[in-house]
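What follows is a short report on a single structure.
Note that the chains take the letters A, B, C and D in the order they are written out, and that residue 1 is the start of every chain.
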Amino acid sequence: MTDGNEAVDLSVDLPGLPMKNPIMPASGCFAFGQEFAELYDLDVLGAIAIKAATREPRFGNPTPRVAETAAGMLNAIGLQNPGVEHIMKEELRWLEHYQTPVLANIAGSTVDDYLFVAEQLSLDPRVGALELNISCPNVKEGGIAFGTVPDVAAELTGKVKAVSHLPVYVKLSPNVSDIVEMAQAVEHAGADGLSMVNTLLGMRMDLKTLTPILANKMGGLSGAAIKPVAIRMIYEVSQAVSIPIIGMGGIQSVDDCIEFLLAGASAVAIGTANFTDPWVCPNLIQALPQRLKAMHVTHIQELVGRSWKAWVTQ
Amino acid sequence: MTDGNEAVDLSVDLPGLPMKNPIMPASGCFAFGQEFAELYDLDVLGAIAIKAATREPRFGNPTPRVAETAAGMLNAIGLQNPGVEHIMKEELRWLEHYQTPVLANIAGSTVDDYLFVAEQLSLDPRVGALELNISCPNVKEGGIAFGTVPDVAAELTGKVKAVSHLPVYVKLSPNVSDIVEMAQAVEHAGADGLSMVNTLLGMRMDLKTLTPILANKMGGLSGAAIKPVAIRMIYEVSQAVSIPIIGMGGIQSVDDCIEFLLAGASAVAIGTANFTDPWVCPNLIQALPQRLKAMHVTHIQELVGRSWKAWVTQ
Amino acid sequence: MMQAERMRIVSHKVLAQNIYEMTLEGELVQHMSDPGQFVHLRVDEHGDTLLRRPISLADYDKEMRQCTLIYRAEGQGTAKLAAKRSGEGVDVLGPLGNGFPIPQDLAGEQALVIGGGVGVPPLYNLSKQLQACGAIVTHVLGFASADVAFYEDRFKQLGATYVATVDGSQGKQGFVTDILSERAIAADRVYACGPLPMLRALEERYVGSTIPLYISLEQRMACGIGACMACVCHLQEDPTGLRYKKICRDGPVFKAGEVVLT
Amino acid sequence: MMQAERMRIVSHKVLAQNIYEMTLEGELVQHMSDPGQFVHLRVDEHGDTLLRRPISLADYDKEMRQCTLIYRAEGQGTAKLAAKRSGEGVDVLGPLGNGFPIPQDLAGEQALVIGGGVGVPPLYNLSKQLQACGAIVTHVLGFASADVAFYEDRFKQLGATYVATVDGSQGKQGFVTDILSERAIAADRVYACGPLPMLRALEERYVGSTIPLYISLEQRMACGIGACMACVCHLQEDPTGLRYKKICRDGPVFKAGEVVLT
């Protein structure tokens, strides 16, 4: 810590993701970047988490797919994506215009699905690391056990590690009794990092039709509403594992980012806030140094886990 | 359903709680009623859930005990209460001025604690039913397994049933992977009803001290933020059990009450909203008939579980 | 080119029961290119309403740097919008989407413009532009009742205007389709915006005919810019069921028959 | 008797950097009985700020049906409060709590009033009332710097006033306790409100002496009316550790030595 005259070092070196700053868009809230590239230079971002890739193309769930909740939203997109082949041929090719490291999110309903997609994506030089989405609440077939049963999650992680040379981040579901158990299981199986958290499973009713608003009935709750749950889980898990955490869940402001770092995240991802303000990522990246200076922080990594690292010298 | 000229029947007959309307304050958000009795006649309420009683008096956790979050709040009161003996001698005596049925909330760290308090409260004529708080996130010693391990919850429920002639509601924690499993376990063990949900475990950081805002570090998240999670859990559980559910979690408006009924709750409890507006319960009770008339509903019970009861005649 | 701007409310008034007309001023207007485009409004800068609200352009005037929106205050977000006063700023993202196609020269052509409820607003500027391109425009507008009807006079200034209300309190009792069935209104091209049942009835009537029909669709949206996949719809000619259009980016206006109405 | 009322803002102005003075008008003022009481403000009627904000009465005038609050806009809630304009309404719950005890007849008695930062506001009406009861009042006020200091002139009109600022930009450089150490200020009774370190230093100085000290405490609150148990504090003389006072209902003013400062 310092008097605040030097420059602030925002860089974070995560496995497979050498980030110049700790901020990336969250998977599924940024598509493959094209829409945002019309608004700003994607190379300002610390990294980019692209939308989940599945083996085959998926249309996803019927509409309505989103509903609003207090300080949050529900989504039941259902992993709509053009399939891994198309993603590699089109989206990742297009991303070659940019240097920012890419975190490729993978979803599936069977172990084989995950392995197939992981193997394919590992061939792509544009991908810096894989993010296993074992926690998507919006897909019916199988899937749910991957995100809630530690052994199942660990087995999947181990198998993906075996077919890929890339670092693997496991994206944890908050819909569990014991998040630490899940985190330790996947760490033990070889995960290089964790992404936390995916959405909480939620629901809204339509008072006109007397039925759920979402065609899929349930959806994933994201946005500011879930921030305290995400922070709590990161606080618990970061003390129990030694792999880095990408934190997410309701981040809207620079102060939110700092709360996640204090809790134990090494970097953060911004999801829902991109829908409120499409420029939120560059805005936060721009505002961060000043806030850190005011806090007398020179290296952003000083803040990581600071809330529980009593031993950190001040 | 009707043209809207008849009176609307708001009554709900729950085990031990003959309610004239479906609205009660939630445990811990109403103390034992005295403060609110200065503001309105408690007999307008459908029922009253009083603050958790423990075997011995408890001071609870150190302060700060509350923190604000987006559309919610965290609390770590830590079950402060004067102990069951005092509650019976003072608070329940005082409640004899009112007719409204009383739901007595019980907490403890051992099975014996629960049984002792349940036996005592069952002697009190003022208590209509017991509510087992197996889900308080703010108490360190033991406790957590009651709320997250189905067998442990079932065993406790069975033992309490054995020492009490009163109907027993089990208050479920939302911090679990499988809420249906928990609900079915306690139903099987003899529970007469369910209260859902208690608070989600959450946390906030103080950017000045770089440590958690709450002295207890973590606390329970309540308020509008958790409403979609509560509705989803009630929707799932109400289809899987045949005992009634008292729904709670972020209810602020008449429309919120109706969403909970549609999801499958038979009655609702109002917690955090009492802090924003101390008159919220009587206000909602007063506003409910008109809203139901506009929806052409004559008996409020027509709405219970309506979102999934495709067979209900219109 | 879409942009975000804090536009200033230059007027805000009640047009009918719960129906508001809001005029905004700002640079963003320069980028508006077609009637049928929409803006995405942040109703609440520090509140619990995270999602923006999509509202069509009812009218815009590049010289004045002003655009007009007409909306129904229904839910929480539009109620917050309705509480804003002249002089305040509103965070606007837009213009978004693709509007109604208008050929340069429509001299002597008959254009039929059909709207229902809060589907009527985008048709106002459409009709102005159709008329400016030389078309003879006829309007058929449907509302629930006289209480919630608006702009009949304005449309009359642009061409023949028939109104239907469900309760018969203004114009003909019934739906817009009743007017169409009753009168043989000549049309070389048809434009429509309104509730799904209305659009479905119009598809039945015109798809397969030689008269092109353009419809504007609605769907619950999150981003409004094509990134979240909230607002997709299936294509009609698509055996795989995998192809789609995003209403926010590829629409909201489509040629009838192109996408599946849901 | 506490009540809830939509009070009207009759004036709202900046006193110092981020320090606002807001005057409210309404019936609720009739129920105010003591300086040191507070009101609980809802800053946001349809937003994401669920909890009310406790703010002390800086002054009140029953004849005018007005009360004045002085607050620092710091976090999200007070920022929303600061954005409200004269003429708007604010949902106020109050008056809450027990204020500073003021004996009827204080003729010739010396009262010492000590405040720090946003602990100063409730002392203004206190001092007025002390003076009205015949006391000779001396004020010792501490602020971080001149930028955030306020009301020195007002206090001067009521009695001798010494100001300390941490950076020395106004009055003496240092803390209020430095002023107390330097000057032997005569006092028959002492009243204080401010940060915990200040209150602790005053407790050390006066508890056990013959001079009674009354202090006003703060704690994060939810209900403000005694129902949620957010704001409890331990009693000093309590071997069981189980007895408590609620700051919102039993306080916020306590006799020093009664409760444990945390």
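Please note the rule applied: a residue touches a chain if its C-beta (ideal position, glycine included) is under 8 Å from a C-beta of that chain, and two chains touch if they have at least 3 such contacts.
These figures come from a predicted structure and were not determined experimentally.
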Chains touching both subunit B and subunit D, listed by label: A, C
Chain pair, A-C or B-C, that carries the greater number of C-beta contacts: A-C
Where subunit A and subunit C are represented by their mean Cα positions, the distance between them in whole Å: 36
Whole-Å separation of chain centres (CA-atom averages), subunit A against subunit D: 46
Separation of subunit C from subunit D, taking each centre as the mean of its C-alpha atoms, in whole Å: 55
Shared-contact residues (touching 2 or more other chains) in subunit C: 48, 76
Touching two or more other chains - residues of subunit A: 70-72, 223-224
Graph class of chain-chain contacts, one of line, ring, star, complete, other: complete
Subunit C residues touching subunit D - in the complex, by the definition given at the top: 44, 46-48, 76, 79-80
Sites on subunit B touched by subunit C in the complex: 70-71, 224
Subunit B-touching residues of subunit D, taken from the complex the two chains share: 1-2, 4, 42, 48-52, 76-77, 93, 219-234, 241-242, 244, 249, 262
Touching residues (chain side subunit C, partner subunit B) in the complex: 48
Residue ranges of subunit A touching subunit C (in the complex, touch as defined): 28-31, 35-36, 38-39, 51, 57-60, 62-68, 70-73, 75, 77, 80, 223-224, 272-279
